[in-house]
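The letters A, B, C and D name the chains in turn, as written, and every chain counts its residues from 1.
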């Protein structure tokens, strides 16, 4: 079932995350859209620091592990949420302690910033948003007057967001290093917009998704994929839509433990640092 | 196999094209990306006039039928080409006679204009293009100075292109009016960007593409589809990629006949106006 | 049917009953994630609507029509293809400003909420945005929000096709008057007086002499809710559906 | 092997032989539709390249890697993911301006070409754009194009990461000097003199005293071309492949 290719030789998880330098700007999906949780374990174990996380458009448990592990300097997000479990506990603590920079945005502006990077342009315009206090704190949002309008027509320009790395988990890669993401097109946008794309997958299939008319439309071509590692159940415990469900009891245990720094450290010793696949 | 739904009751070809008013701005794909040729026959037979065709991004035989039928006032395109058959003959004649307005553009600007419409913004910026004589003739392209740059940095803004109608042919619709287009995502962009989307399909399948993870990624949701008509081999003679091939001998016959207005009229009497399905 | 108390059940019912009629007749209603009450109201409105009403539930598989990634909801709104949407808020003020970010002064909030999500954008682009907040108290409904995630109104000359339409709480319904830029008490839920509302509301609002009660469900509608709608809700919100609606009524 | 005359075959071979070495070592070469000579050269370069070279052929199923619609080629170029591309032109001038629109004054051209396609954009964004035009005559290679579809050079201060790298014709190869903004004769094809080139060229160009002959194929490369490469070309250009390359050499 697995096969390496010239285009995308398979990495170990360890090697995959070794390509993420300290201080990198890393685009991550929200907990429901394909999180490379096994890679995040490996990254935490390595002791990475100074990451600038870009939530596409929000972050949850995945980011909280990294924040708890001291890996994160900045989060750029439309929201920090674990859904029914509320605000991620280590994020809440870091925010209270002033230990983390937060670039507060709004979902469509994050998507537009990534689309600007995808199109290789310095900005994209967006309607709405004007009047929100968010605009007061964003030097990378500039209001101009729409040059196509006859009368005054203020519109916001959103600067391109160019992550160094996009990191996510998907159901499968093929033998040529193409990655199938189905309708999760935000992952494709992340890959197009980022300088490097690293992916963990449940499995590698011995076929070519681009030659299969039913798979091609949901496939990120290997052109955009810089590294692939196999990680079976690599999205545990947040789950992989259509493949396996989230594990609410595991998440609840984490949330209970991570309310304090000590509790996180205890939890991490046995659940984060100890469980890194080779 | 076929079924009407509340979301997208099936139209006859005649009823489908009756929703395209004279003078409409109609977005059409190039000859290789799913042309609703049967619908174009029906439209020509109706005697539609004054159309503004937007090629996404080029046009060929499909547009030439409409131009020969006197239906077209304006073409907005990056190219007018029938590939190995050269420039469409009725277009060439209309251009020589000054009977048609031509808005000459470039492929990425047409896509960007449609993306601006898709995003509900008045313009999108694009790199490149500056220095092309095309810019001298486009009042809907405005050069500004990139407000995010520290030094002078001219960049072109492309006005949104908002077609009244997107018209194309696809392999299949499902019972809920969703249309499967596979990797032909430019058709999805056309649908998102246009006020109305009319589609002809080879068949309607008794299933829901959105519930099928392998079909969903290549599907235009019925939300964007305003009318569907069944037209078996509806893309003849330009063909439908992956379903049936173009018919070069039929196309060659057309090109030979349509070199003159009389030749076109003779050809059209038996091949365009006579062959409209009910 | 589980241990949800009767008060909570009644409030939830009243909120659904208040929202649903405000959606009937529309073409497309979208509901954000983690919004079971608006989802229930939207699915009920679809069943009651004389014309086809499309309901898109984010987070649902059966009712999520999007195939162009997470940006599609926002593009779709900007295209004018979404008629109604729902926003909640940690704070909502009398000018319908919404605060989803935190209490206190930015950035060192005393209490931080999850975040603004797409509110700043969708509030401007979707014609009928219905605000909902079950907790109706001076803490949640304030004179002035501490942080404007999404502004309720805009100055003349700002492109804005959307905005607040109503505010539905556990006590009552306010309609929003976009000209006066103020809420007007439209109805109070069963057992709630206008004095109760005034005491629980931190912002000033308009009120006519006589304020009707929020209409409840007739037996046919209740039957629909406890059968077909409960089943539809359960696809996305199974616990909510079993807590609130009898599927064997 | 069909009725293609020997001259045409030799010119085609020389063009492929001229283009391929200019692609070896790159990461990603894209080839537009209806471009069999560049496609052949790109596939040959892939086979000869010491490092992985990706070839994307528009209009090919096996070699088309795009899944985001017709816009993806252009986005991909702007992302810096395409190292080389090919443009032809109805007219090409001495400053490497390309005219794909028509002869005469816009808009009432005496002769109209198909159109500018993506040239105006890709020429600015792809580092190594190779111009190709088999017909080498004062009609095609002119002092000044009648219409600039895509400009060969840009003033300082214009964002431009791409541009002309070489011009390959049926007679010779010019390299483009971006500083001097002029072509320089790099080699002449077998049997062609510099005087032949000068007589056939409508623009002025630079030339060193001694101009080498365009290197041909060694036997190994010719064998590769007539076997594996011919098969790969045939997937997209079956007629061209059978016309020009012996698949049973």
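Operating definition for what follows: a contact is a pair of C-beta atoms (placed from the backbone, for glycine too) under 8 Å apart; a residue touches a chain by one contact, two chains touch by 3 or more.
Keep in mind that this is a model prediction, so the values were computed, not measured.
Set side by side, the interfaces B-C and A-C show unequal numbers of C-beta pairs in contact, with more at A-C.
Chain geometry summary: the mean Cα position of chain A and that of chain D are 40 Å apart.
Mean C-alpha positions place chain A and chain B at a centre distance of 36 Å.
Averaged C-alpha coordinates put the centre of chain A at 30 Å from the centre of chain C.
Multi-chain contact residues of chain B (touching two or more other chains): 112, 119-121, 126-127, 153, 155, 183, 185, 188, 216-218.
Residue positions of chain C touching 2 or more other chains, listed in rising order: 66-68, 78, 125. Under the contact rule defined at the top, the touching pairs of chains are A-B, A-C, A-D, B-C, B-D. Residues 28, 52, 54, 56, 61-62, 64-68, 75-81, 125 of chain D are the ones touching chain A in the complex.
Interface residues of chain D facing chain B in the complex, by the touch rule stated above, are 33-34, 59, 66-72, 74, 78, 100-101, 106-109, 112-125, 147-151, 153-154, 157-160, 162. By the touch rule above, chain B contacts chain C in their complex via residues 6-7, 117-121, 188, 192, 210-211, 216-224.
Of all residues in chain B, only 112, 119-127, 140, 142, 144, 146-149, 153, 155, 157, 159, 181-183, 185, 213-218, 242 touch chain A in the complex they form. Residues 32-33, 56-58, 77-81, 83-84, 86-87, 92, 95, 98, 102, 104-109, 111-112, 115, 126-134, 137, 151-155, 183-189 of chain A touch chain C in their complex.
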